[in-house]
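One structure is given below, represented as structure tokens, and several questions about it will come after.
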Amino acid sequence: GCGGSTGSSESSAPAGSAAPGAPTDDSNCADEAVFCIGLVTDTGKVDDKSFNQSAHEGALEAQKQTNGFYKYIETQDAKDYAANMAQFTNKKYDAIVTVGFLMTDATLEAAKANPGTRFIGVDQGYDPAAVPGKNVTGLIFPEDQAGYGAGYLAGLMTKTNKLGQVLGLEIPPVQKFAKGFEAGAKAANPAVTVTTVYHPAGDNAFNDPVWGAGEAKKQLAQGADIIFGAGGNTGNGALQEVAKAKGAGTEVFCIGVDTDQWDTVPAAQPCLITSAMKLITEGVTETLVTAKDGDFAENQTLGKAGLAPFHDFESVIPADVKAKVDEVVKQMEAGTLQTGVTL
Amino acid sequence: MSETPTVADQAAAPPPSSGGTSGDKKPAQPLAYLLTHQSGVVILVALAIALLVGAALIRYQGVSPWYAYETIIREALLVDGGLTRTLQKTAPLVLTGLAVVIPLRVGLFNIGGQGQLIFGAMFGAWVAYAAGGLGFLGALCGMVAGMVAGAFIGWIAGVLKATRGVHEVITTIMLNYIAAGVTWWLVTGPLQAEGSKTSGIPQTELIPDAARVGAVAGIPIGFVIALALAIACWWMLSRTTLGFKLNTVGANKHAARYAGININRIIALSMVFGGGLAGLAGALEAAGTLHRFEPAIGGTLGFDGITIALLARANPLATIPAALLVGILRTGAPGLQFATGIAPEVVDLLLAIILLMVSIPVLGKWIFRSRADKVAAASTSWGN
Amino acid sequence: MGAWIAKNRTTVIVSVAVIVAAYAFYYLKNDIAPSMYVSAWGYAIPLVLAALVGVIGERSGVVNIGIEGQMLVAAFAGFFAAAYSGSLLVGVLAGIGSGLILGGFLAWTTVKWRMDQIIAGVVLNIIATGITSFYYQPGQLLPGLMPKFDIWPLSKIPLIGEVFFSGTSIFATLAILAAIGVHVALFHTRWGLRTRAVGEYPSAADTAGINVERLRLINVTLAGTLAGCAGVYLSMDASSSFERGMVAGRGFLALAIMIMGAWRPLRALAMAIFFGFINAVASQLQAGGSIDIPPQLTGTLPFVVTIVVLAIAAGRVRAPGAVGQPYVKGDQ
Amino acid sequence: MSTPENTPTPVPADTAPEHLEAIATSDAVLELPPEKSGFGEGNVGEVLLDLAGLTKSFGSVRANRDITMHVRRGEIVALLGENGAGKSTLVNQIFGLITPDSGTVTVKGDSTPIKDPRDAIARGIGMVHQHFQLVPVMTVAENMILGHEPTRGGAVLDLDSAREMVRSLSAKHGLPVDPDAEVEDLPVGTQQRVEILKALSRSVDLLILDEPTAVLTPQETDELLGVMKELAASGTSIVFITHKLREVLAVADRVYVLRQGAVVGEVATKDTDARGLATMMVGREVVLSIDKADATPTDTVLTITDLHVLDDRELGAVNGFTLSVRAGEIVGVAGVEGNGQRELVEALAGMRKVVSGQMTLGDLDLTKANPHQTHHAGVGHIPEDREKHGLVASYSIADNLVLNEFDQAPYSKSGVRQFDAIREHAEAVRTEFDIRSSGVQQSAGSLSGGNKQKVVVAREMAFKPRLLMAAQPTRGVDVGSIEFIHRRIVDARDAGAAVLLVSAELDEILSLSDRIAVVHGGKVVAELPARGADRTEIGRLMAGDH
């Protein structure tokens, strides 16, 4: 996870950085021996505590492991995707990470134009017919499975049979988490009702912790006792609100998303029983490392998703609940259990 | 010294006599004034100060300011395709700038450019796709549709202002949210591309090649359209009876009514114009850049339009250099980050400082020890 | 009293109707109504504080469209000052102080330099966005939680006590007190009379011996503290983190609230709560799941309702006469 | 204290426009024997106000040149001069609103510069400004106390004592006003009364009145003149600006005459008369009463039948108004302001909705017409409020001259404005109507009041209307311009136009009209021929006594 915040992601630090002995600039990227990694964010920044940051940290780690070179560009305008990727391809970077499903088309086009460069599209599921060659892979995650596991846990834990979800924008990754959560909860406990609110469309749908907190408060007041906060900082606002509520950690709980938010949102610890994880950082690192070695899974790479450790709630959650959740997670990994989520 | 009209005097909304009848004085031509007049010097000094402040900021980041500025210029103008991209970015900025300028002349503050643009982009993209088989004609239909959609949003605000007295600042803010919500719903529902339904990506179908708006010899057609419209707006405002009506309503509502001008119609019309221009900007973005509608298509274009209109002091022609400045900075920003690691927000700070410096009326006084320069009065229309 | 009611008949009728409806809903739908009211008020708090900034500024003749930026910087300064100093108090003071400084910036540029007020506000917003984004630091935490308390005995009043006076916080209380305070100050004190004169017709104030520039400078600067409170509320009370762009348009909404409130503090308070309530209704529609309206459309409800209500009811509210115009004495 | 000099300052030839050069050198300028100057009637005491060498320029306009004058305690001094002569500029410097370029203002022996009005107030100066300085949305009481508010506990307004103050002041000076009325709802005459009371609400040693009577009825004016005399008798000094010579002669002890920013003469009122003053001001003989031929009215042009119109507050303002005007006659509508005249004119101009009744122009129904239609039906309208309705201040004279014809040939061809035609028209009109400006491109807002009015009059007459409506056509205009405007109105009549003249100025009505309709309460209460009309009788009718 991005816990511990090593400071590597300070926005004011130069984008290019290098491990000892690694290349110090990108003048030799064309060289076979020099592995250059570029990253283009979705409109957002590498310290957004969300998918951009996770991917960025994954790339940093990959740079260390490959002893390569790494740089990023923070996109400000969705119309700059191509131009930003071109900055890297012009310098003959070896691998380029593009973050977010909005860049799907732009990534495929760039891959087509630059067969010598490997592209990794985070959260991008490609239509196999559209994939131009072996130099591009979409890194996708079974968010619905993570959501399902978390929902299953919540369904077993709830006393009021009311669950809440405070979500970011209604976009595919978020929807998959949310629908998975609902399906899991219902599977565990048919009596449960799940209240779901997405942030209404807006530029700050993932950056509105105040709205998230307000919605969480309202859901608690209406009887929900476990809240799933999934939507960047908006969701984090919800987690923090639950952590402040009366009975936090004993009667009301919260569930985080994406990474183990025990580390990323310490303020949520009083209520945070687990997080529905989507291991972007690890996924990006692994894919980049394999990309350097040359055996690159074309078209699609399935990243990992799952539940974070229970941390302090290890003792709070009954053993039989843990066992049941474990069982469900195993079944999903084995492919014997389908979440049934479609968009 | 203070007898000669300054850029500001000429450009102030509304302008004295909109140029025109002058036999003894030159008509209001902002570019000419920029070069020949005292205020031109003031603007240059203001720019220089802004660049110096920006330099200090960049220096503080540990980067050579000279190198940083050079990078922006290189990336925006000199590298292969840079100029095209800059002009591509400038085109919608000119239009959203005009979308603020025209209502401003009538005394209305249109902060709804963003919503009007989004709406225009949505319908522009959809019509251009649907009529894509018609080729060039399809492109035209798309642009008209975008214009109409944007104009519709503007019209709502205009009509409510004219007939019900609802402050346009409220309605345009509210309509920004409404337009965002409605287009978002359309693009994830009825108008979502078939191929995107399974993945859930919010985007419409791609506009077929024939109905796209491209570039000729590296000059984007959209830019040419924007230029033509800026000139047309200037001509309309300063040379036609319609422009006279718009200016008169802005200058003195009571006198306008007395003069037999239908104020309500002019107020609504100005918002229709503004909305239409912003809507066209959206349609051009759809047809020329993304080739489809995505919610992120608007970027910050609508709000940049306010900055541009203010930089241009409500003068349609001056929106061109103002938009070009913004276009250059925005095009150069990613390259700047690539080359130096400086976060692209630095460009916004730079823009803010430029706007600040250019708009300080006392700057002229400090430089020339003359009377304070008058600046386009955007806010004098606020209270109406 | 009778005369006051006669003079404010519409206000009284509307207020009574609203209050009756609110209590009826409260008792009829006891499972969801209270939480919706709480949510409405929570939504309204920063809007009220920010709208008051607008009211004070415009009543003095200065448009402030930089409220969004003031709030953003205050949220930023408050949060990080608290995080680094380890003291909530330091954070609150820093946030309020930054609001004050930006208020001073707006005041100085518009009053002393006679810069266009809209431009000054736009500049302020861009700078605020730029700075807070540029100097943002991840991974900081507040040293603690803002205190919550009940205001006894008001907290015992049904509905009103529950919503406004129990489990409340400093800023929530402040929002009510400030609205009342500004109303009283504006309409019943010497300062208020002078402020309104300066905003309506500055040359009349000037010829009556009032220092127009100084009063505007002071008012716009001090109003910045309320914007500071609104910002601090967002990052330290309503949530416990600072994020880029977290004000999320509330500064602009506050301007709309100000206009809907006809530049009157108490009416702005009422309008903010009304707006917050429609928001709660919108998310309730989404959450309830009984009717299947896409969330994007329910999300637009507050804005649609606002426009419709204004179109039907508002008529022409009038801005202070001199708002937007720098005051230039006879010979300049 | 030395006796102030009062040698007339000749107008420097290099800056004076040609048309005034002759005046400056003409022997019409009065030179007074020095020993006569400075001594008026009444209980004059020591010099209270002393101006030495005051000079003020606005850009290239030299509004005041080396002005030297003085006012003694208890003395009423009048300032006379054409529009734009620099009277307001002068008194605004005394009140601290304008900083002189050079020269000193000495008040009660203290010659430290007056920084701002606050400073002036502190030194015992009060002023009634040419343009209302009242906050329209506030009540009379609130306006009255602004700047010196009675409070409880130092901060909370004490509106009760404010009301009390208004009532007692009203009673004391015989100027009744309702303390709780909002100023914008009051007729202008009452607003002026508020202004005067406001100035009197602080005890002042020097009271400056800048055209306070421009919007007052004759009765109100007489009341004010009475108040001024009382104040002077109790030792207050007064500087009084007016364009009405009758008033000067009635109250002033001495008169200073300004022309082109300089003092061109000083005279004690007992040594002069109206004709002399007018000559001093304008530099030539002024015809004070117009001589016109008898009217030869022909067909009825305008017919108003049982008209009902509401005012801004939606109250009935015009209540069953019936009147007709024939071609070739001037019908004067006499009435105290606020009796529906404004609403009547606005309704006729298509700017206000008609509730019921009918208005026809020839056989054209004007009842539902908008301003555009009425104009093109041939109605010329000189509006009461020229700054608000009549002119676009930021536009050039040329554009203002085509304000309601801008979309007609030859000023526009297929929607494109024809600037050559507009300019030619403007040049011609400017010469014909003697509009004094640097050219037709000068902005209308920078013209003096009289010339602004000439622009409006010129525009409305240039298109030869069938019906000319003139509302307060000479308000605030100097005698020279009044003469000119009156002449043009009579000329229009003689050319066959029907003229509806609305004026609060009874003298104007009496001297111009062929027929007089007296209005009260929004309807005509009497119609009488102008010849031989009795002033007092009309005054009585106007007051609602019938």
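Chains here go by letter, A, B, C and D, matching the order in which they are written, and residues are numbered from 1 within each.
Assume a residue touches a chain if its C-beta (ideal position, glycine included) is under 8 Å from a C-beta of that chain, and two chains touch if they have at least 3 such contacts.
For each chain, UniProt lists the protein as follows: B, C = ABC transporter permease; D = ABC transporter ATP-binding protein.
The model shown is predicted, which means the values in this text are computed figures rather than measured ones.
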Which chain pair is joined by more contacting C-beta pairs, C-D or B-C? B-C
Just how far, in Å, is the C-alpha centre of chain C (ABC transporter permease) from the one of chain B (ABC transporter permease)? 29
Can you compute the centre-to-centre distance for chain B (ABC transporter permease) and chain D, using the mean CA position of each chain? Integer Å is fine. 45
Would you mind pulling out the distance in Å between where the CA atoms of chain A average out and where those of chain B (ABC transporter permease) do? 36
Using the touch rule from the top of the page, what residues of chain C (ABC transporter permease) touch 2 or more other chains? 133-134, 249, 296, 299-300, 318, 321
At which residue positions does chain A touch at least two other chains? 11-12, 45, 170, 200-202
So which bits of chain B (ABC transporter permease) are touching at least two other chains? 177, 181, 184-185, 188, 343, 371
Which two-chain combinations touch? A-B, A-C, B-C, B-D, C-D
Where on chain B (ABC transporter permease) does chain C (ABC transporter permease) make contact in their complex? 109, 111, 156, 160, 164-167, 169-171, 173-175, 177-178, 181-182, 184-185, 188-189, 306-307, 310, 343, 345-346, 348-349, 351-353, 355-356, 359-362, 371-372, 375-384
As the complex stands, chain C (ABC transporter permease) meets chain D at residues 188-194, 196-197, 200-201, 203-211, 318, 321, 329-331
So, in the complex, the side of chain A touching chain C (ABC transporter permease) is made of residues 5, 9-12, 45, 47-49, 53, 164, 170, 195-204, 207-215, 217-219, 221-223, 233, 236-237, 240-241, 244, 266-267
Which residues of chain D touch chain B (ABC transporter permease) in the complex? 59-60, 349, 351, 370-373, 375-376, 381, 383, 385, 388-396, 398-399, 403-404, 406-407, 412, 415-417, 419, 422-423, 426, 439-441, 443
Chain C (ABC transporter permease) touches which residues of chain D in the complex? 56, 58, 92, 95, 97-99, 116-118, 121-122, 127, 129, 132-138, 142-143, 145-149, 151, 155-157, 198
